[in-house]
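After the C-alpha cells below, expect a handful of questions from me.
Chain IDs A, B and C follow the sequence of writing; residue 1 opens each chain.
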Amino acid sequence: MATDNREWERFDRRRRIGRFALVLVAAVAIIGSWRYMNTGIVRAETIPREVGDLLTRMYPPDVAYTTRIVQPLVETIQIAALGTLGALALAIPVALLAAENTTPNAVTFWLGKLIVTVSRSVNTIIWALFFVVLFGSGPLAGATAIVFRSVGFLGKLLGEEIEEINFGQVEAVRASGASSAQVLLYGILPQVKPALVGLSIYRWDINIRDSTVLGFVGAGGIGVQLFRAVNAFAWQSVATVLIVILGVVVATESLSAYTRALVR
Amino acid sequence: MLRATDLHKTYPTGDEALSGVTMSVEGSETVAMIGPSGAGKSTFIRCVNRLTEPSSGEIYLDETELTSLNDDALRSARRDIGMIFQEYNLVERLTVMENVLTGRLGYVSAWQAFRRSFPAEDIERAYEILERVGLNDMENKRVDELSGGQRQRVGIARAVIQQPKILLVDEPTSSLDPETSNTVMRLLTDIAAEREVPVLINIHEVDLATEHADRIVGLHNGELVFEGTPDELDEQGLDQVYRGAEVPENIGSQRVSDGDTDTAVDPDRPLAGET
Amino acid sequence: MAAGNRTWKRPTVFGRRGVKWAVYAGIVGFFIWSGVGVGADPARIARGLGNSASLVGDFMPPSATPRQSQRILDKMFESVAMAMVSTLTGIVLSVPIAFMAAENLSPRPLYAVNRGFISISRAFNAIIVGIIAVKAIGFGPLAGILTITFKTVGFFSKLLAEDLEDIDMGSVDAVRASGASPIQTLLYGVVPQIIPRFAGLSVYRWDINIRTSTIIGIVGAGGIGSVLLTAFNRYDYQYVTAILLAIIAVVLVAEGVSAVVRRRYN
C-alpha cells in the first residue's frame, strides 16, 4: 500500500533549515566564546564548593550589625525617591520631544531620541562614576546618577504613550483658543496620567534596587556599608546587609505592584 | 459675519482639497455645507480656525483677517470661534464640567487652568448651559461614562460657553443614531437661534440639512457648486453636488445618487485630514 | 434655575479635601526630607553644574592610543563572550527551576523553595552578585559568567514559570489520557505551548546580558568594565569617552539584533 511510505514532518524544509542555522550560529558563538575566554574547564567545577564555602562563612548573620545599616538604608530610599522625582520632571519634556505627534520639528525629535538612547545605554553605576567626579562622593552624586539613568527609561515609555493619544481631543482644546501650556494640561496630560503614575512607581521600584550598588563607587546608600564589610571579609555582616536589602526590595516590589493596580 | 474669499488648500501629498472657495455666513443664519465625502467640507471648516493651514485666500471674521494672524492673535481669534466635532473630541478622562470649562481656557492663565480655578461667572454660565443642554447634575461625571448623545451635548456646551461669534460644526451627527441625530441638531440650532450666533455646519445627510438650515451650500471636488435655500435644492442641485460620487456612505444622499447615471466622472477620493 | 453664585470644585479621589491636602503635604515633606538627607543643597549643585562645563571639556574628544583600542576590543569580546555563555547556562538551569516554581506542576514545599531562590536572584543587582562571586572564585570572566547566569536564572525561570502556570491543562490531560508517559506528556502537552515565548525570552535575556556584561568588570568580574574603571581612576577621561562609545555601540547593536530576531520569530 502506498500509504505505508508517506512521511510526516513537523515543519517544512525551509523553516527547518532556518531554525537549524539559527541554532548552529548560536552554538558556534557560544563554543567560540567559551574558548576565547580560556578560563579552563577545570576551574568551573570548583564553583559549587567555593560558593558553598562562602555561604558557610556567612552563617549566622551578624544581627548587631543591623544598627549600623539603618541610616544607609534610609539614605538608599531617599536616593531612589529623589532620583525618580528628578527623572520624572526631566522625562516629561524629553517625552514630548521624542513623541512624533508633539515634537516641534525633526531636529527636536532626534534630540529627544538621542537623550533617551544615551541615558538608557549607560548603566547607573557608570553615571555614578561621572557624578562622583562632579559633586564629590556622597548620596547627591548617587541621586543624580539615578536621575540620568531613569530619564531615558521614562522618556522612552512616556513618549510611546504620548504617541498613542487621541489627537482629536488635543485639537479640540487648541480650537478653543488655549495656549500651548493649557493644551498640555487639558489635552495631553489627562490622557497619559495613568501611564505617568504607573511608570514612575515602576521605575522607583527599579531605582531602589539600583541604589543599593551606588556605594561601590562612593555615591552613597547601603552599598557603602556592604562593600566595606566585603573588603573586611566580615561575611556575617555581609549576610545581614544582604538580608536587609532583600527585605526592602521585596517590600518595595509588592508596594509598587499594589499601587500600580490602584491607578488603572 | 464670516466671509471666505478664494480659499485654496493643497495638502503636502499633492491632493487639492479646496480650489478657490468663496462663501459667507451672514447675520445669525445657519448655513449647511453638503457634499460627498472628500469634497473638502471638513478641510474648509478646519481652515477657518486654522487647525488646517489654508494654502491661499482670505477669511474674515467680522473685521479680522484670520489667515495672516500670528500665533498669539490666532489664539485670541479662536476664542471667538466655537467648534463642535464629529467624534466629540472631548477629553475623555476629565469631568463634564472640566470639558465645558475648556471653552474658557483662552481667558485664564495656565496656572489658573491647572488649579481649575475659573472665574465665578464662568462656573455659573457653565451650570446654566449644562441645564440648557439637559445635563443637569452631570457635572462631576467623567466623560467616558457618557453615551454618544450626551457627549455631543457636552461638545455643544463647550463651544457655546466660549460665547463665540460663530459656531463651526463638523459632521455633528455621524457618530449618532438617526433619532439622537435629529434631537442634537434641533438643540444645536435652537441654542444658536436663542443666542443669535451664526452657524456653519458640515453635514452629509441632506435630509437633516434641509430640515435645520436656513441656507445650503454644496461643495464638489473642492469647488462651490450650489448655493441657495433648502427649497431651491432640487434634483438638479443635488446632481451638481453629488455628481460623480458613486455611492456616498449615507442613506440620505444615496437615495439622491441612485438616479445618477454619470458615475465615471469622479470617484470618491478621501483626503488626508478629511474625516 | 437657581441664579447666583454656584461654585464648583473638582471632585477628588481621596474623598475629602482635607485628606487630599494631608496626602500632598506628606509627599512634599517626604521629598524635602530626602533632599536634606542626600545633601542636595542648591549651592553645592550650582557649584557642581558650574564645573560640569570644564569637565565635559576634559572628556572631549574621545581618544585612545592603538594599544588602548586593542584593549577595548579584547575586553569587549570578553564581555560579549561572557554574555553568550551565561545566556546558555542560565537558560539551561532555568528550565528545571521553572518547572519546580510553577504552582500547577510542583508540590508546595518545592514550589516555595524555588520561588524563594527566584526572589533572591531578582532582588540583588548584578554588581552585588558580581562582587560576591569575585570573592568566592576569584577575579576574571568565570566570576562574570557565574553572576550573569545567576541573574538569568531569576529572570528566566520566573517568566517561564508564569507561562507554565498559564498553560491549557485541558490539552495536557488529553495527551495523558491517550496513555502517554509523564515525559511524553511533558514533550507533547506542555512544551509545545511554551516554545514560542521561550525563544523570544531567550533573545531578550541575551540582550540584557550583553548590557550587564559590559559593567560587571567594574568589580573585577571580567569584560570591558575593568578597563573603564581603570581609565576613570587614572583621570584618563578621553579614553573613558572612547570606552563609553564602544559600550553604547555594542548595547545598541544587541538591542537591534534582539528586536529583529524577536519580530521575525513571532
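We adopt the following convention: a residue touches a chain if its C-beta (ideal position, glycine included) is under 8 Å from a C-beta of that chain, and two chains touch if they have at least 3 such contacts.
In this text, all values refer to a predicted model and were calculated from it rather than measured experimentally.
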| item | value |
| --- | --- |
| Chains contacting each of subunit A and subunit B, listed by label | C |
| Central chain (by mean CA position) | A |
| Two chains sharing the most C-beta contacts | A-C |
| Centroid comparison with subunit C (C-alpha atoms), farthest chain | B |
| Centroid distance [mean C-alpha coordinates] between subunit B and subunit A, Å | 48 |
| Centroid spacing, where centroids are CA-atom means, of subunit B and subunit C in whole angstrom | 51 |
| Geometric centre distance via CA averages, subunit C-subunit A, whole Å | 6 |
| Junction residues of subunit B, two or more chains touched | 98 |
| Residue ranges of subunit A in contact with subunit C within the complex | 26, 29-30, 32-34, 36-37, 39, 43-44, 46-47, 50-51, 53-54, 74-75, 77-79, 81-82, 85, 117-118, 121-123, 125-126, 129, 131, 133-135, 138-140, 142-143, 209-210, 212-213, 216-217, 220, 223, 226-227, 230, 233, 238, 242, 245-246, 249-250 |
| Complex contacts: residues of subunit A adjacent to subunit B | 166, 168-169, 171-179, 181-182, 185-187, 190-191, 193 |
| Residues on subunit B engaged by subunit C in the complex (per definition of touch) | 95, 97-98, 116, 120, 123-124, 126-128, 131, 139-140 |
| Of subunit C, residues touching subunit B in the complex | 1, 3-11 |
| Residues of subunit C defined as touching subunit A within the complex | 30-31, 33-35, 37-40, 44-45, 48, 51-52, 55, 77-78, 80-82, 84-85, 87-88, 119-120, 122-125, 127-128, 131-132, 135-137, 140-142, 145-146, 211, 214-215, 218-219, 222, 228-229, 232, 244, 247-248, 251-252 |
